[in-house]
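Input: structures, listed below.
Here come two complexes built around chain A, the first alongside chain B, the second alongside chain C.
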Partner chain A sequence: MTERPSIGASHSTSGIRLSERTWGYLLASPAFLLVGLVAVAPIAAALWLSLHRRLPVFGVEEFVGLWNYVQLWSDDRFWAACRTTLYFTALSVAAELLLGFGLALLLDGLTSGTGGSPRWAQGMIVVPWAIPTVVSAQIWAWLFQPDFGLLNYLLHQVRLITRPIDWLANPDWAIHAAIVMDVWKTAPFAALLLLAGLKTVPRDLYAAARVDGAGAWQQFRHITLPLLMPVVVIVLIFRTMDAVRVFDAVYVLTGGGPGNSTETLSIYAYKTLFQTLQFGYGSTLATAMFLIVAALSSLYLLLLRRHLQETT
Partner chain B sequence: MSDAGENGRRGVMRWYRSRGLALCALALAGLFCLGPVLWQAVTSIKTDEDLVRLPPIVPERVTAAHYERVLFQSPLVQSLMNSALVAASATAVAIVVGGLCAFALARLPIAGKPVILGLVLATSMFPPIAVISPLYLLMRSLGLRDTLIAVGLTHAVYALPLAIWILTSFFRQLPGELYYAARVDGCTPLRALLSVFLPLARPGLAVAGLLVFIFSWNEFMFALTLTASDATRTAPVAVALFPGLYEIPWGDIAAASLVVTLPVAGLAALFQRHIVAGLTAGSVKG
Partner chain C sequence: MMIARAVVTFCAALALGCAPAGDRPHDPNIVLVFKHGKLSGDGAILSNILREFERRHPGIVVREELLPSSSDRQHQYYAMNLDGGQAPFDLLGVDTIWVQEFAKAGWIASLEKVLPPAEREQFFPGPIKAATFKGQLYAVPWYIDAGVLYYRRDLLDRHGVAPPKTWPDLVHAAQRILDAERDPRLAGFVWQGKQYEGLVCFALEVLHSNGSDLWGGDRARAEAGLRFLRETVAGHRITPVSVGMADEESTRQIFGSGRALFMRNWPYAWSLFQREGSLVRGKVGIAPLPSFPGYPSAPVLGGWMLAVPRASAHQQEVGELIRFLTSPDAQRLVALGLGYNPTRRDLYADESLVGARPLLKDLYPIFLEARPRPVTPYYLLLSQALQPEVSAVVVGRKTPREALDAVRRQLTRIVGSSDLPVAVEGL
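Then we have the complex of A and B:
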C-alpha cells in the first residue's frame, strides 16, 4: 500500500493545478499498481518459470527452454485432465443453464401470474450460491457417503438401487457426482441473472402476442428467448469460465480421484506444483491453462460483441 | 373471441395450469436448493450412534456435542476470526482502491477506457492456478508466507475487477452535472468524489463491499496455498482439512460447515436484492 501517500500528498498541495486527465491517472494508479504486482507480474513470472526445470527438493534449477512444453504434448495425464475438464464443463454448464432457466421462469411466473412476492423464494435460491464451495463439497460428500449417506438410502427406499453405490470411489460415478454438486451450487446463480433478465421483458409484448393468438410455447420461443439471449450468453460465459477453472469443488469432494478420474486441469497443475513440488513443469501446466482460458474468453467476447451488434 | 380469452387466461399462468402446480414446483425447487443444507443441519445435531443409522431420518435424540467440539476443542474459532479479518481488510482495500479507479473511469478523461475496462474484465477471468506459484514465491520472498496479509492482499486484488465493474456502473448513473458543479465550486476531483459522489453512491458501495466480502470469505485456493498453520488458516481451509483421526467425523464437519456458512448465508439472504443488483450490474442492461 505504498501508493496511498501519493494521493494524500497531491491533495495537500492542491495549490498546484492538476489537469483532469492527470487526476484520472492518479486516482486509477493504485488499482493498476496492485493488479500489476499481484496479477500481471505473476503471469509473466509463471511464463518464465515454465521454461525452467525446478525441483527445489533436489536443488535443481536450470533453464530448459521449451522442453517442458514438448513434454506436455506427450503427457497422457495432461490430455486426460483436458478431457475431464471439458466433460465436466460441458455437462455442468448445460445442466445449470437448463435448470437455471426453469427456476427463473418459475419465480417470474409466480410474480406476474399470481401477484405473490417471490422475495423469500429468491432468498431461498441465493443460499446455495452464497455457501462456501468447500462447505458444499463437504455437504455432498456426506450425501454421497455409501453406507449412511442420504442419497443411497432414498434411492434404496424407492427401489432404484438394491445395494449401496460408492459414488465417490467409482471412477464412472465420481465425475458425475462432482457435476451434480456443481449444478446444485451454481444453477441458482444462472437463475438469478436470468430472472433479472426476465423482469426487463416488457409485459405488453406478451399481451400483444396473446391478442394475436400466440400460445405459451410460441410466446416463449418468439419473445422471451430472443430478448433474453444476451443474458443467456453472459451466463454461458461466466459459468464456462468458472467450470473450466474448477478447483475447490472437485479437490475437496474427490481430491481428483479415484485414480485420476476426476482430475481437472487446475487440480493436476496444483498437485504438480505443491505436492510433487515441480515448479517448472507445474508452471507449464498453469500457463497452458491460462492460454486455454484466454482463447476461450476471446472467442466468447467475439461472440458476445457480434451478438450485441446484431441486437442493438 | 372466446379463443383469445382462453389464451389470455393461459398466458397469465404461462408455465403451469394452476397455482397448486406452481406451488408444487416451487416446493420442489426449495427442496432442491435447501434440502442438502437442511440435511447438514440435521446431521450436526445427531448423536454419534444415530449418525451411522438410517432410518430414522429425523433423529429422536439431539445433541450439541458436535458444536461444543468444533467451537471449544478445535481451531475453528481461530479460523473464523482469521476469515473475518481477511475478508474485512480485503473488502476495505478493494473498495477504496477500486472506488478511486472506478471514479476515474466513470468521470475523468483518461485515455483508452474501453481497453481498461476490457482488461479489468479479462483479469477476472484469470485462472487463479496460473498465478499461484509465482505468487507463492513472491509472498515467500517478501516474508509474507503464512501471514493473513498475504491472503488479504491477494483477495483484495482478485476482487478488484468486481469492485471496479460495479462501482463504475454506479458512478455512471449519477448525473455528471453534480461533478461539474462541485468542480466549479473549487473542489478537486478527489474532494468531489469524497463529498459529493460517495454519499450518493452508498448503495453501490454496499453492494460491491458485500460481494467482495462473500468472495473473500469463501475463497479456498489462495488461502490454502498461502497459509500453513492453524494460526493463519481461514475458515474454508479449516473445513476442507478437517482432521479425522480414525474415521471422518461427519457430525463435527456438519457443525463446522454450518458455523462457517452462517455469516455469508445470512448476509446473502438479508441483502439478496442488492446482491442480484450487483451481479447484474453491467451484465444485464435493462
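Then we have the complex of A and C:
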C-alpha cells in the first residue's frame, strides 16, 4: 500500500494511523454486518440444513452429507419443477419485456408529444402491479373459469373460440394461464423502469439523427436500444429472479395442478418444507433454487459487462 | 447498588400487578390462549360460550386468537410454534388429519384423563379413532364432517329416478336425465378434482367404497377406483372437464346455480342452498355417497378437534375448558348458531336441536360410518404424494397404474424403504 495522506490519518485522535482502505471497511462494516445477518446467515443456515435429514415429526435429525443432493438428482418431481419453472420464466419474462417496452415507448411518446406528463396514464399502468398478488390471482381464477369466466366469454364474442377453453383444468393450458396472469401483473413494472431509462436518453441525439436522415426504426435501433441496454438488463435480472421464485400467483391459481403441470420449484419447496415438514430435503430444494437464480443473474451481469466493454 | 436493586424490584412488582403467590387450583392470573381457525358465521356465539366458562371458573381468562381459515396456513403456524417447544397458546383447533402427526412429534399432550374411555362412547367412533395414537387419546372431537351426495330432488322425481345407491347407478341416472333434459349447461356429477386435499378425500371415498385403498389394499380394485374418477369425465361424460380445477366452493356454486344433478361435498353447503334467493331452494336432497356393488358407502371423515400443547403450563385448567367446549350444551349452541355438526351422538336425538336442523337426522348414519383418512403420522406426506398423481389421472395425464407406481416410488424415497411397513400401518 502506498503511503499517502488519508482521511483516517488526519482524523485520528488516538494516534493510530489507519489507511484509507481500512477506514473504508470500518465505515462499511455496519452494512456488511446487516447484510450478513439478514442474507448470508440464513443462506448458510439453509445450506447447513440441506446436509441433514431432518423430520421433526419423527424425531429424525441426522447429518447425511450430500445424500439429499443425490436424492435430488434422481427426483423426477424436482426435474419436472425445474422444467416448469424455466418454461414459465422464459415465456413470462420475454413477454413482459416486450410488452413493457411497448408501454414505455407509448408513454414516452405521450409525454414528449404534449410536453406535459400525463400522470394519469402512468398511474393507471401500475394498478396491476399494485394489487396484492393473492388478490389478483383470485380475480384471474374467476376470469379463467371455463363456463362463466369473462375471458372465454370475450374470446367467444370475437369468435376466436367455439368451445370454452378449460384454462386451469387442462394440463397444457394451465401453465399458460399462469403466464398470462404474471405478464398482466408485471409488464407495468418493466414499463416503468424502461420509461425512466427513456427519459435519460438526450433528446438532441434524436434531433441529430433526424438531420442525418435516420428514420424512426433506425433511431430506435441505433440510439434508443443501445442506450437503454443497461436498463433492459436490470429489468431482465429483476424479472428473472422473481419469475424463477414465483410462488403466490401460481399457488393461488392452480395449487401446482393439474397433475403437477404448474408446480414450480417454489411450490415444491413450500410443500416439502412447510406442508410435509421435511426440513432437510426442503432446504436442499431451496438451495438448488438459490443456485439457479445466482447462475442466471451472473449470466446477465456477464452479458451486460461485455456489452458495456463493446460500446466504450 | 442496593437502591438500584430496590428500584428494579419495585418496577417488576408494578409490571406484574399485585400477583398473589400460591398454588390454588384457580390462580387468578391464569390466561388460557385458545388458537383456532376462524369459524364461519357470528363470532359472538363462541365468545359467549367462552365468557360463560369464565363465569363458572373465576380466575381463568380465555383469550381467543384467530388464525386464517386456510388449514394449510394453520398447520404451518402450529408446526413452527410447536416444534420450538414453547407454544404461545394453551389450546388449539386441529384438523382430524393432524392429530397423529402432532402426537408422534410429541407436540400435544395426552388427553386420556380429560375424556375417560367410558365417555368416549358418547362420541362418533370415526373421530375417536382419528384422535387415538398408540392407545391414548390426544384430541377431543369438536365438530364433525363427512362427504355426502347432494342430488336435485326435483329432477330425479321428474324422471322417476331414485337416489343412486351404487356408482354405476349414479352414472346411469345422470346419463338418463341428461339425455332427457337436453340442457347443455347441465352437468351430471361434480366433485372436487383440483390438485389438493379435497381430491384425496374423494379419491379415498371411491377407493374405500370399492373395498380397496391407496396403498396396501387390492391393487386391481384400487386401479378400478381411480379409473372411475377419470371415466366420469372421459368415458361416461357425466362430469365436466373443469372439475379438474374444482374445489368445494366452485362445485357448490355450479350445483347452487342449478347446473348439476349430483355433487359430492361436505354438509356445509346444505344451509346455503336453503337460503332465501337460492336457485335450488327446496329442490335438493342429501344421501350417503354411493359405493361399488357389494361394498358399503365410505364417506371420508372431516372436522376439527381440540388439543393441548405439551408445553402448556395449565394442563388441568385447559382440560376443563375442553370438557366445557365439547359438552352437549356448548355443542348444541354451536350447532344451532353456526351450523357446525356435533361430535356427540346423543345430540342427534335431541328434539330442540333436530327440530331446528332436521338435516341432522339424515347425517347421523353418515357420520356413524365416516371413515378417517389413513390414521398415521405419515398422512400429510402420503397426501402430498397422492395429490399430483390422482390429479394426473383425473386430467388424463397418467393411467391409474402409472400413478400408483409413482406414489410408491415417492413414499419409498421419503420414508426410506426399511420404514415402509411402519409407515403404511393401518392404511
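Definition applied: the second predicted complex is superposed on the first by the 262 of 312 C-alpha atoms of A that agree within 3 Å, B and C clash if a C-alpha of one lies under 4 Å from a C-alpha of the other, contacts with A are read in each partner's own complex, and residues count from 1 in each chain.
Criterion: a contact is a pair of C-beta atoms (placed from the backbone, for glycine too) under 8 Å apart; a residue touches a chain by one contact, two chains touch by 3 or more.
Keep in mind it's a predicted model, so treat the numbers as computed, not measured.
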item: Winner by number of chain A residues touched, once chain B and chain C are compared; value: B
item: Contacts of A:295 with chain B and chain C, given as first, second, both or neither; value: neither
item: Partner chain(s) touched by A:193 [first = chain B, second = chain C, both, neither]; value: first
item: Which superposed partner A:260 touches (first chain B, second chain C, both, neither); value: second
item: Partner chain(s) touched by A:98 [first = chain B, second = chain C, both, neither]; value: neither
item: Chain B versus chain C as contact partner of A:274, first or second or both or neither; value: both
item: First, second, both or neither for A:106, with chain B first and chain C second; value: first
item: Contacts of A:206 with chain B and chain C, given as first, second, both or neither; value: first
item: Partner chain(s) touched by A:147 [first = chain B, second = chain C, both, neither]; value: both
item: Partner chain in contact with A:303 - chain B first, chain C second, else both or neither; value: neither
item: Intersection of the chain A residues that touch chain B with those that touch chain C; value: 145, 147, 274
item: Touch list for chain A against partner chain C, complex; value: 56-59, 71, 75-77, 145-147, 166, 168-171, 174, 254-261, 263, 271, 274-278
item: In the complex, chain A residues that touch chain B; value: 1, 7, 11, 14, 18, 20-21, 23-25, 27-28, 30-32, 34-35, 37-43, 45-46, 49, 103, 105-107, 109-110, 112-114, 119, 121-140, 142-143, 145, 147-148, 150, 153, 184, 188-189, 192-193, 195-197, 200, 206-207, 209-211, 213-216, 219-220, 230-231, 234, 238, 241, 244-245, 247-248, 251-252, 265-266, 269-270, 273-274, 279, 282-283, 286-287, 289-290, 293-294, 297, 301
item: Parts of chain C lying in touch with chain A, wherever the complex brings them together; value: 72, 75-76, 79, 83, 101, 104-106, 185, 193-196, 240-246, 250, 254, 259, 377, 380-381, 384, 387-389, 391-395, 397-398, 406, 410, 413-414
item: In the complex with chain A, residue positions of chain B that touch it; value: 3-4, 7-8, 10-16, 19, 22, 25-26, 29-30, 32-34, 36-37, 39-40, 43, 51-55, 57, 93, 97-98, 100-101, 103-105, 108-111, 116, 118, 122-123, 125-135, 137-138, 153-154, 156-158, 160, 164, 188-190, 193, 214, 217-218, 220-221, 225, 235-237, 239-240, 242, 250, 253-254, 257, 260-261, 264-265, 267-269, 272-273, 275-276, 279-280, 283-286
